[in-house]
Amino acid sequence: MSSNRQAGETSRLRAPLFFAIMAALILLEGFTSGWNSALGILNMGLLSAIMALGVNMQWGYAGLFNAGAMGFLALGGLAPVLISMPPTPGAFSGGGPGIMAAFFVAIVAVLAAVWIWRNLRGKTRGLAVTAVLIVGFFTYRWLFDPAVEVIEAINPSAQGNLGGLGLPTLISWPVGAVLAAGAAWLVGKTALGLRSDYLAIATLGIAEIIVAILKNEQWLDRGVLNVNGIPRPWPVPYEIDLQNSPDFVAQMQSWGFDPQLGSTIVVKLAFLVLFVIVILALIWLTEMSLKSPWGRMMRAIRDNEISAAAMGKNVTRRHLQIFVLGSAVIGLAGAMMISLDGQMTPTSYNPLRYTFLILVMVIVGGSGNNWGSILGGVLIWYVWVKAGDWGPDIMGALAAPFPDGGFKDHLIQSAPHMRMLVMGIILLMVLRFSPRGLLPEK
Amino acid sequence: MIRVENLVKSFGGFRAVDGASLEIATGSITGLIGPNGAGKSTLFNVIAGVHEPTAGRVTMDGEDITGLAPHELFHKGLLRTFQIAHEFPSLTVRENLMMVPTGQAGETLWNTWFGRKHIREEEAALLKKADEVLDFLTISHLKDEKAGNLSGGQKKLLELGRTMMVEAKIVFLDEVGAGVNRTLLNTIGDAIVRLNKERGYTFCVIEHDMDFIGRLCDPVIVMAEGKVLAQGSADHIMENEAVIEAYLGTGLKNKVKAEETAETAAHEDHGAQPGLGDEAGHGGDQ
Amino acid sequence: MELINALVAVTNYVIIPATAYGAQLALGALGVTLIYSILRFSNFAHGDTMAFGTGVVILITWGFQAMGISFGPLPTALLALPFGIVITSALMLGTDKVVYQYYRKVRAAPVVMVMVSVGVMFVMNALTRFLIGVDQINFDDGTRFVINARQWRDMTGLSEPLTLRSTQVITVVTAIITVAALFWFLGKTRTGKSMRAFSDNEDLALLSGIDPNKVVAVTWIITGALATIAGTLYGLDKSFKAFTYFQLLLPIFASAIVGGIGNPVGAIAGGFVISFSEVGLTYAWKKVATYLIPNWEPDGLVQLLSTDYKYAVSFTILILVLIFKPTGLFKGKIV
Amino acid sequence: MSYLDASHMTGGYGKADILHDCTLTVEKGEIAVIVGPNGAGKSTAMKAVFGMLGLREGKVTLDGQDITGLSPQDRVKKGMGFVPQVNNVFPTMTVEENLEMGAFIRDDDFRGTMDQVFDLFPILKEKRRQNAGELSGGQRQQVAVGRALMTQPKLLMLDEPTAGVSPIVMDELFDRIIEVARTGISILMVEQNARQALEIADKGYVLVQGANKYTDTGEALLADPEVRRTFLGG
Amino acid sequence: DDVKMGVLLGFTGPLESLAPPMAQGAEMAIKEVSDSGKLLGGDTVTAVRGDSTCVDAAAATAAGETLVTTDKVAGIMGAMCSGATTAVLQNVAMPNGVVMISPSATSPALSDLEDDGLFFRTAPSDARQGEVMADELIEKGIKNAAVTYTNNDYGKGLADSFEKAYKAKGGNVTISAAHEDGKGDYSAEVASLASAGGDALVIVGYIDQGGSGILRGALDTGAFETFVFPDGMVSQTLEDNFGSEINGSFGQLPDSAGDGMKTYLGMAEKAGFDGSSAYSGGAYDAAALMLLAMQAADSTDPKVYKDKVMEVANGPGEKIYPGELGKALDLIKEGKPVDYEGATAVNLIGNGEAAGTFREIEIKDDKIETVKYR
């Protein structure tokens, strides 16, 4: 028991210690490489932290192995395109009705199929369902294809898609969360009954499907042609506007700052403030829930589903709930990321970066612990970015003893892959020396 | 209270429960015994909604409850414990108890944010109750220990303790006694009787310890090969030839100690089934 | 004639490629399934292990070619394969010593092992690129075709071509031999059975006197061999590129799970289910339809789904299988 | 010196000690039974004897040989067999394969032993092709004991072998244990069916909070009213 | 002083194999200038590599950010893919006022993108290449073609512009199907293409990516006999791996007549890398152009020298080819105008992108032969 208490005390010191280290790294980055780069890393780190929070809700609280973070993230990223881009003139009037009709047909067909499946028995059931689905599919394509053609023909080099609603970007954040939540609900309804590792693979696949859709449905988001120039969220200014504003320039100069540098930093700080607000809100919400009977119930379900069900807990419902909520948080992060980047590039979603790296963040931070996710998100992102910089140096040092020539050149050429190596080694080290993460669940 | 009609449960081709019909009367402590593999646990699992029955029907107070999900049954007041303890290993012992009652306000997300006060009150009450149960089970010194670290028997106690956290109508106990110290088992027996008398719980108990069954249960149902073999009072059952043949047996044949030491009589009392001859036949002898 | 043409088209574009691809997936899935059932985790490093093994084989192949050694009509890589297996297995054993062993000792949860394997994946990923770079490499030599399109047309006079590459035949033959050997080993030998026992209940295996170190070592050696064989066959048939092997991880896992993870028969079946569904469902049946239904030239391509959604198809199948038969086609192991 | 001599064992699972200077000895061909309340450390003591737990103090000798530093599988080779309290079968292997695994370290023909096990537990013969994970609780227990017997150990350690088995099988099991002991094999077992167990025991240990509380012959313990009341359920 | 120049390319990720020859090209130009000692009165130039990963906008932005804020580069040679280029341009270059010259970003969208005059490219927009390709097919009398493209903005953009031009000229595209790079198995794609049929297959891809897989599959199954290769496919690898099997196929790539390229290939060979690899020459040109602009502006401040890029690139003045950077620096210093031609006959139009002269090639006797320029 006494040793127990000691462990408790060290873990109480742990979190502040690691957050201090994290802050120190960011500060160090600021002093050595400039504040721009430090804030850049911090911002993206915080975004990653939000993603990690979402994954942690699913994995850490409920033991749901969602290996499809990438998909929900990408879906969230669709929101800024649909909400805050200007509408494409003529697109909606041209193709909108066709597409809506097509979707209506699709939904009706699916509902009809489900109804038949539930209400019929025997051989006719399979036949009827197949027939309904086939007819539905062809009607859908018959309505859908021409509409898409119309939309995609409108100014393809810059538009060729439905365009957005031209609303403020901030609105797209919750919308991103809702989009992801909606998809998660559908996924959850079908896949949550599966065993944990199967769920992982199923979600991995679903994520691929979502990204495939975003890549290939040009009418929706220009597909691989990318959407550029997504407006920034209020109140983040544009650097150019700041630089052109005499007030700002004067202010900066009075403080002894280079106005241009100042403008970039102000922009990043503005994003930082937005992100921190979102994170604090999420942390408050999640910590409150975790520390209450709800959290206890979730842990119980994670520990033993059969027994939790026997104790009257509706496991399926709870799983669905947490899956949807976690995905919503990931979707939120996706929307935020797109408004930070200012562009939506569906090809950039790859599982290594957006599923596995996030999982690494959760595990390194300490699964089940929200603060751990924040820490993991920022730290791992820092390392991921820095490893790209360190790579050549490390490789140079490694290659130094070799004579000049093909092999040495080969090694030096390989420097960029150091990032992978460093990432792998860090992950292995953490798992080795602090297997429950840097900030273990209490 | 519970009525099982012609229940069949097969795994692949094998009928683990093969047309069992039985009834558990309200307010009784019904014992369920039978050889290993008789289908007792399977029957429990079907009643408790873990398995879908292959055929047959289960009713509770006249209402058809066949195939309901476990959590729905829980709401109807039907609780069960597991033969192999199913604790929540990363929750503390106390939390294992406190999580049991359903419909806690604190289990709704909204309340965790905007109903804190209500939750606090509710929790205080739960805590008190949990501590009472732990005291009762003599494991209050373990209340802050992770349940995963308990010994085999302690987990069993915890298992029972969980049924005491709510107002149950009927509790199914699958071998609470296996691996539990006999002194403690007596205590558990007392608790069961008390719950039965004072709170009106109905129990259905699977157990292989005949002392325990004999002390507690009336009636006793004997299952064998998926069917009900016999039914009646404990004394009655213990004299039933078929039950003896299939289940009870006739005591140790190799009473080494008894043969070697002179004071055989002193030990005869402790033999499993006094009064039955060693020669009563069944296979497996050398 | 039309009917034959239709058949030939389907064989040429669907059956032959899907069979070869399926065999490659199956071998990969076997490796994943083996680790899953015996060491109890999903090994995300498997794709990169395949890449590494193939890289080694290529280097040795080049060595042989430089020395003027060849394997007659067969690819030289087959000669290099045993050496590649030895080196890759050695790397596996080394990785186990340095990395995995510790986690077994502390009895880490499976998901921790998965994470560890992600770490190893990152490292292997870099190692392979250090070793052989990032370029596309063709290392297939020997006779390319058993039948090529021109020979076929000359031979049969059909308008549809049919080709059968030697690598496709080699792939299928090697896969059959490997799988048979593996089955015999697991099902019949003492070591094989002890591996299954270990996979079931590690503690109890200890208590039965099974040497865990030996089981683990053998598992890694077999995995290394399977990965190298699968990777080399794939590379011979297509071409080698470090990045593609990481991408292969997804269909490989899909195969293992569709078949029932932990079950070797399932892994093989899964490989073929995935490959046939990928190729078959995205095949444009226009040509075949034109042959079969005279006087009808379809406007569209008669394609159920465009190839853009090829991966979507295999995963949809995966999900359907999981929903209707959650343990996979063959009963998998639940850990 | 006793055949098995585990003396002054102190240690636990990393945090506080569970065992406190606990000593267990078994002579050749003798049956020793450990009883005690739940959580007393009985299973822990068994694990310690089998080398599955780091000991801070104390040592274990078998047949005069110091085996304190050996790994469990080396102890198996020295002739020790163990049936754990939980997780004691290979769930996805068939009953027959489970038994085969018990004979893993044997190089001779083990068919005979297997037939004996089947004689002892006829239900296992019936279910030999079924996976052990699909058996009922008591059936599994029989598989577990059968597996240990397949080793033909010199010292057989059983952690609650009769938990969950029907009376008839329990009697059979005890019978068999007596017979096994007669052939010169030493038995160390933990039992909660303590009265029956002590009855056949040459020696009994009562363990409380990781320490030896009473040690005596089986009869003596059974006769002690204090022991009966507190530990044997009256 | 030491001037730093960022070399921001996709060193890791799906296009990782294209990046090294490009980087080496750029670094060759940098070294040439640095060694000459003639830049701005003896400044040396150092290349700083950054990894834009090609697919990860966030990572590209971070890498760009590091180049600009940590390494304080005077300009960025890059980025490589259109997506990453746009991200870096909007998130790093424009806020910080840094010049970017991309050797390879060819998306038409970049033509009209707001760039504060900071962005240039030595590659032409794909809109133009589509036209050229369509002309070529029509002239050869091919009226039915199947198209497959690598599924990114480059592939899709070029495939679309080709399809549009081809249709306008009376051609018919039987199928236009994407293929993902880096997958290895292309049986399904080849099967679909074969089923759709056509007299030629246009492969808008990368030779050491999916393009190769598609080509291999199409050849092996006997699905097509004539192929059309745009820029991403034309390289030594094509000749080496497929030479004898694709006689009669043809293609085109942004390139120019003249000796620039030949000189460049020679220089690259001496330096030990493959200069014919896609956009390697363009990278050399991009780096050289930036440095010459600095010389012309007599400043390394991007805000100043950005206005000189077009001037240096388009002449009038003496034509400058690879290996002549020292001479060019001298000329500029003396106040004489230069017209940088470089390896790829640089001539920037519009908003600062290559006009696009294209070299048409045909495979004859197992070799890539230049047919004509247009």
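We just call them A, B, C, D and E in the order they show up, numbering each chain from 1.
Just so we're on the same page, contacts are C-beta pairs under 8 Å (C-beta built on N, C-alpha and C of every residue); 3 or more make two chains touch, one makes a residue touch a chain.
Chain identities (UniProt): A, C = Branched-chain amino acid ABC transporter permease; B, D = ABC transporter ATP-binding protein.
Keep in mind the model is a prediction, meaning the values are calculated, not measured.
Common neighbours of chain B and chain E under the contact rule above are A. The minimal number of chain-to-chain contact steps leading from chain A to chain C is 1. Each chain's centre was taken as the mean of its CA atoms, and the one lying most distant from chain C is B. Two chain pairs, A-B and C-D, are weighed by contacting C-beta pairs, with A-B ahead.
Each chain gets one centre point, the mean of its Cα atoms, and the points for chain D and chain E are 76 Å apart. For this pair, chain B with chain C, the centres built from the Cα atoms lie 49 Å apart.
Here the spacing of chain C and chain E, counted between their Cα centres, is 36 Å. Centroids built from CA atoms put chain E at 32 Å from chain A. Of all residues in chain C, those touching 2 or more other chains are 133, 306, 308, listed in ascending order. Looking at the complex, you find that chain A touches chain B at residues 285, 288-289, 291-297, 299-300, 302-304, 306-315, 321.
Looking at the complex, you find that chain D touches chain B at residues 13, 35-40, 43, 85-86, 119-120, 122-123, 134-139, 141-142, 160, 163-172, 174-175, 178-179, 182, 192-196, 199-200, 218-219, 222, 229-234. Per the touch definition, chain E reaches chain C in the complex via residues 13-14, 16-17, 151, 175, 177-179, 182-185, 187-192, 194-197, 208-209, 212-213, 216-217, 220-223, 237, 241. Residue ranges of chain C in contact with chain E, taken from their complex: 9, 12-14, 17-18, 21, 133-136, 138, 145, 148-150, 152-153, 161-163, 165, 234, 238-239, 241, 243-245, 247-248, 278-279, 282-288, 301, 303, 306-308, 310.
Of all the residues in chain A, the ones that touch chain E in their complex are 32-37, 40-41, 44, 156-158, 215-216, 218, 223-226, 228-229, 239-240, 260, 263-264, 267, 337, 341-343, 345, 347-348, 350, 353, 384-385, 388-389, 392, 409, 413, 415-417, 419-420.
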